[in-house]
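First subunit A sits with subunit B, and in the next complex the same chain sits with subunit C.
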Partner chain A sequence: MSAEIFQKIAETNTWSWIMPELAMGLLALSLLVLEVILPKVAHGAIPRIAILGQLVILGHVVTGICTGTLPVGEAFGGMLFFDETGQLFRVFFLGASIFVSYLGMVSLDKRTLPQVEYFHILLVITAALMLLAQANHFVMLFVALETATVGFYILVSYFRHTTVSLEAGLKYLIMGALSSTILLFGIVLLYGAGSNPALAGSSEDSLNFGNLAGFLAANPDDTLGLIGMILVISGVAFKVGAFPFQIWIPDVYQGAPLPTTALLAVSSKAAGFAMLLSFSKVFSALEDWFYPLLTALAILTILFGNFAALTQRNLKRVIGLSGVSHAGFLLIGVITARTVDWASIAILFYLFAYLLASAAVFSVLVHLNKDDDSDLTLDDLGDLAKKNGFLGLALAIGVGSLAGIPPLAGFIGKLLIFIAAFKAELYGLLGVAIVGVVVSIYYYFGILKSAFFDLWKFQTDEEEVPTAIPGIDLGFLGKLAILLATAGTLLLGFYQSPFSSWLLG
Partner chain B sequence: MISLEQYIVVSSLLFAIGFFGVLFRKNTLVIYMCLELMLNAANLALIAFSRYHGGMGGNLFVFFTITVAAAEVAVGLAIIVALFRKRQTVEVGELNELKN
Partner chain C sequence: MDDFASLVQFSIAVPIVAAFLTLFVKSWGRPAVQIVSVTGFALPVIFALFLWGFYDPSTPGGYAFVSNLDTGLEMIGVGLHLGLNGVSLPLFVMASVVGLAAGLFAAQSKAENLSRYLFCLLIMQGGLMGVFASIDILFFYFFHELALIPTFIMVGIWGGRDRNYAAMKMTIYLTMGAMLSLVGLIAIYVKSGAESFDLITLKAHLAEMPLADSVQKYAFGLLLFGFGILVSLWPLHTWAPLGYGAAPSSAAMLHAGVLKKFGLYGLVQVAIPLLPDGMGYWDNWIVWLALGNILVVGLIAMAQRDLKQMIGYSSVMHMGYAFLGIAAMSVLGVGGVVLMMVAHGLTVALLFMLSTMVHHRTQTFEMSEMGGLAKKAPVLAAFFVCAMMASIGLPGPGLANFWGEISIFLAVYDFRNWLVYAVVAGIVISAIYGLRAIASVFYGEETDEFIESQKEVPVEDMSWAERVPVLILIIVMFFIGFFPKTVTESINDALESEPVYAQVEE
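Up next is the complex of A and B:
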């Protein structure tokens, strides 16, 4: 280590490039300050300030992308790498965070819990995930991932007056820490392999993605590197909920507060795929191992997720397990990215469609006025469409998009992935995926059936008066949020050419 | 002189002990200790690689992992204590409210 290295590092510290993340951190801190200085009656404004601040940051990033002024290249001594995919993940995480802020606002208003900390931690998690998507170094990746994961532990057990939330938090804690350690040990082995001066292509900074890819290309049959790669993929497979690392999903999704479930379903999963996309470049020299591993994971994940969801009655468990199968479809996208160069765009499109559809579904669920949202079952939807047509329609659009019904965005997302798989000649995978889609229609329509055709249900107990949903008051923000999510889903379903041409161009 | 291989074997053993501890032990606190054991196995391997291969990257990384582990313990023990207050138990087998 000499003075020149420090000088080089200092010169690449382009703080202005991580303005969105810095702004998120500052916003998170200022929320805590606001809680102290504002009078108690004005505390209700803090979540709105959080949403407003995030909208401003989102606007900043989106204008940066649209005007083409986004930075490209390495920063912070190779810790971060900025490109278009990273920018889109930024937009994705910000969008998800705004929706979860809204859900949190509605959900926490019904309870006597500290509110501000929820939004604080949410913003910190989002900032960490935004950095994670642009990490170009394993140290950066690990620290960003852990910042997000530790935040998730807190958010999962946030409803600490209920045992289920705490229990879900404990389960997530144990499984999350286990997967992080597995990932860490994999990183350590990769470091050990890449820093060995006796081998060609080794470097002092062997945890940099570029250096590591160079080393693996020079020594593709290095045992240590191979084991490291398998451990790293296992750690990431946990985050995306791929089989056999999905065991935590149903329990944690069920026990976690509804906004946290949404955040886990959307952001945590997308973070895993942001990592997998960068790993597919790092491990390109190990493709004889990397891709068969992912193929096996994808097949098992799709089959398990869909078949396990069939028998579930709890809404959050259904959504969790359907999320497992979505992870499987996205894994197919990662595999096809080996040969089809636009597959990463298909993955992003799929993720955005998934975000909008999940936003619609969760915004409806959060308005169902259940005290304890962990035992939200299909029966609780009972006749939703009759009681509030707007919510029923939003649920139909959201669930339809998740199921992949044309002409909704989810259909186009699946179509793009399937076309990519067809072009990559992965016919076996494609067959499994189509079986998965067909099976998934069953449980998605189970949700719609209980929302729309509850009259068909056998009246087993005549005296039991069906508990009516007491007049759902959406409020202006609620209507706006649901409208945005459903309109976005419809728009991306009908009219994706500007999106894709802008992505490709 | 202890060789690099010996360090790596020890650290892999620690990792394996921790891993199977997490899978098979029933007490949440013991599981938590096993997780810490796995983290420290990774730290040991990092230091050993860093020492034998030259370069400070591994040593630096250890500081990050220790910090992360501390944050994890702070949050984790808080959750365990809160759960114990509710349920008066930290045995994994008895924590079974989340069922289909």
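Up next is the complex of A and C:
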């Protein structure tokens, strides 16, 4: 064993490139260990340790981006590809995971359920999604996706004592398995086509994104390749909740524990768009099919999401269906990426705005002190502003940002997408998007109306002195979390320098 | 000139800072909240008057007090680009004055949760100052929305009858209008290829290579109907009377008086100069829809029995004159429109405020249940008559509206003779409903309902606290009425430097 070998190993060692993911996995394992070795009284600290650990990892990634020391290029024999976008998705998934950890902490504290497993699975899912966003190979993509999805099956049915949660879990399992099958079938077809030695551009490793793109460029008329692409897109459409693969969303969002709903709404959706962004490069040879397909999906998704949300009174269903329409707006972003070079920045900005707004909204919902969070309705928001003005303001900012109202981050996100769509001359899509925004105002407004406007409905009855409404105690961590989400939403609404310089610099 | 650029920034920032301060000083009691908020409204007036004093009308078409801040969207050509020109300065001053009156009136109101009410109102004021000071058309839109959102909230929480329905309807209509105009602005941005939302850059760019006719046509259409909804262009006006009827009076004052002028201002300063050929195509549409505003809405206003609704309809009706003046496309007509925007902002705010004061005394807005108030409250009656006369546009002693309307009429006569008949019919209509309202509210016998309500709430004339905001508006109104030149000079200079308007004049 000479030193040369070690040196060579050190030079070609790409394990350090996935440090954040490894650290997440280790943190997840150490949580389980901590549960065993810590005395029972100290178990309450485990969620906090999870959050702290993730903050450290987030700090590592962010400093890496700011100093530009993170690696760029292929690793693990082409399994992963590291670039700026992937790093930002890492930040996104970590941020989402930290917020969900906080939600889980609040939500699980009220219940007699095993706690540590929730955070363990959450961390594993996040690590898998971080790898997914940087996958450069269909095998890697599928393994990462399934790791996350299996975790989701458990988290959706985590409230095992409530039937709705179990029902949601079963629905998600069946629908998820179906979509994974479709995706896998698509991948197999692409593999079969791409490794056919009779065709030009075929290769042994035909599931590598680069190789596959090369093959499709050489054989743009290959039927198998085309069917494979359609099936792969369908599998992804399930993840993002695009029409017609959105049918699971209302029920699963409603039944799942609130933190899991947040994770589904934010991370699972973003994972789909991370995949779509890389697919737009893989399938660039098939763009005559790829983009019309996405356009149809986007139109139907926006219309369905908004119109279906109009009649809902269950908060989690409203948020779920509004999330469907957000998926539609993001699909427009993906379509514009064909011609507008900064469209991926717009998508990322939109996603971050969506993350912050969702974090604010879900943090408010988790504090509503409802035993069964599956039947949170608009009525439960009544008097919120009176119970706790801070929560009311946070809800207003979160919902306002989701609705795309200036001066909040959601507006800038929508604006960037609109400008990109106009540049790409997608007038029809833009029209649909406008209709979607106007319709969405109705139900977002409904949420705010029940939180604020019904405030003094008993005011005229002199006799009826309202009994003192119990206030809501947030605790220091709660205030900090909500403050971060709302301040971020406000800041990105009128001052985007940190974000844009970060992306462009 | 740019020495005072920071004053422009301050007039936007001060109300917003004051808004947040009101929330913090809430625990110190009501007077602290009142002092902070009134300061937040008063400082912009001082700044605006100061800027007016130092404005040099000979600034050749360009903007004075210019400042430019990068907010991080430089990559798509957006920056916080502030400045004032001859058209925006009078509106900027008017916005600050109406804001002060509305703020003074709100600060003494009995609204529940006063600090939150004033918070919304101050945020709105910050947005309003920003609207007229923005050279960047995206920020122009952004500030409009910033002012619009608090309006919905104020209607929804502190509104009167039907507030939920009114707030919802306003929100949906105005969002629709805002989205259409946003797409129109994006269309100009993308199609011009200037890679900038800066109005000056866009103008220079489009002067060299104007947009293709087809693009101008649909972009102008988007802006016309987008702004049109916001300005309550017939038949898209139905949100306005309903919303104003339900809105708390300070919100109605700021919205009807100032914020609604956003759309007209957008047409005058952005849409027409940038898309002159598009204007040529839509000219006829504007004329016919404006006639709908004047005649149809005028007749509806005549049929109103509710004082506040009637004022709401009359304000919608007056927008018709503004659209006609714009359609005339001359320095005279458009200059008249800008002058009328200033005057109308003052009068409609005054009317909303006075009608609420009437309501405090009669406990109703139903005109059939009022009568004889002049005997009990002569000062209120005098102010009301004065405001109503101004609103009708009578050539009274130095009433500002008259000068605006007369210039519009002259321009309309040059433009299409026969339109003058319709316009005169409109004057008759507004005289009928205006004078009838005065008669039924203030004169005649006291109705039984009024006598009943007096037993519960004794009627007194206006207190000094009520008189101050009224006097502020009336004094400015008379000042502009007697010395219209102070305002029109800068407006005309600015408009003459726009080739679109100057051309037609020759």
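The working rule: the second predicted complex is superposed on the first by the 475 of 505 C-alpha atoms of A that agree within 3 Å, B and C clash if a C-alpha of one lies under 4 Å from a C-alpha of the other, contacts with A are read in each partner's own complex, and residues count from 1 in each chain.
Here, a contact is a pair of C-beta atoms (placed from the backbone, for glycine too) under 8 Å apart; a residue touches a chain by one contact, two chains touch by 3 or more.
All values reported here derive from a predicted model rather than from experimental measurement.
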Figure out whether A:E167 sits in contact with subunit B (first) or subunit C (second), or with both, or with neither.
first
After the superposition on A, what does A:W342 contact: first (subunit B), second (subunit C), both or neither?
second
Between subunit B (first) and subunit C (second), which does A:F453 come into contact with in this model arrangement: first, second, both, or neither?
second
Quick one: name whichever of subunit B and subunit C touches more residues of subunit A.
B
Output check: A:Y191 vs subunit B and subunit C. Expected answer is one of first, second, both, neither. What do you get?
first
Quick check for you: in the superposed arrangement, does A:L22 touch first (subunit B), second (subunit C), both or neither?
neither
Based on the superposed arrangement, let me know which partner A:K423 touches: subunit B (first), subunit C (second), both, or neither?
second
Based on the superposed arrangement, let me know which partner A:L368 touches: subunit B (first), subunit C (second), both, or neither?
neither
Considering each complex separately, which residues of subunit A are in contact with subunit B in the first and with subunit C in the second?
none
Which residues, counting only subunit C, touch subunit A once they are in their complex?
70-76, 112, 138, 141-142, 145-146, 149, 152-153, 156-157, 163-164, 167-168, 171-172, 175-176, 179-180, 182-183, 186-187, 189-190
Contacting residues of subunit B [partner subunit A, same complex]:
8, 15, 18-19, 22, 28, 31-32, 35, 38-39, 41-42, 45-46, 48-50, 53-58, 60-61, 64-65, 68, 71-72, 75-76, 79-80, 82-83, 86-87, 95, 97-98, 100
Looking at the complex, which residues from subunit A come into contact with subunit C?
342, 400, 405-407, 411-412, 415-416, 418-419, 422-423, 430, 434, 437-438, 441-442, 445, 448-449, 452-453, 455-456, 459, 494-501, 504
With touch defined as at the start, can you tell me which subunit A residues reach subunit B in the complex?
1, 139, 142-143, 146, 150, 153-154, 157, 160, 163-164, 166-171, 173-174, 177-178, 180-182, 184-185, 188-189, 191-192, 195-197, 202, 204-207, 250-251, 254-255, 311-314, 317, 374
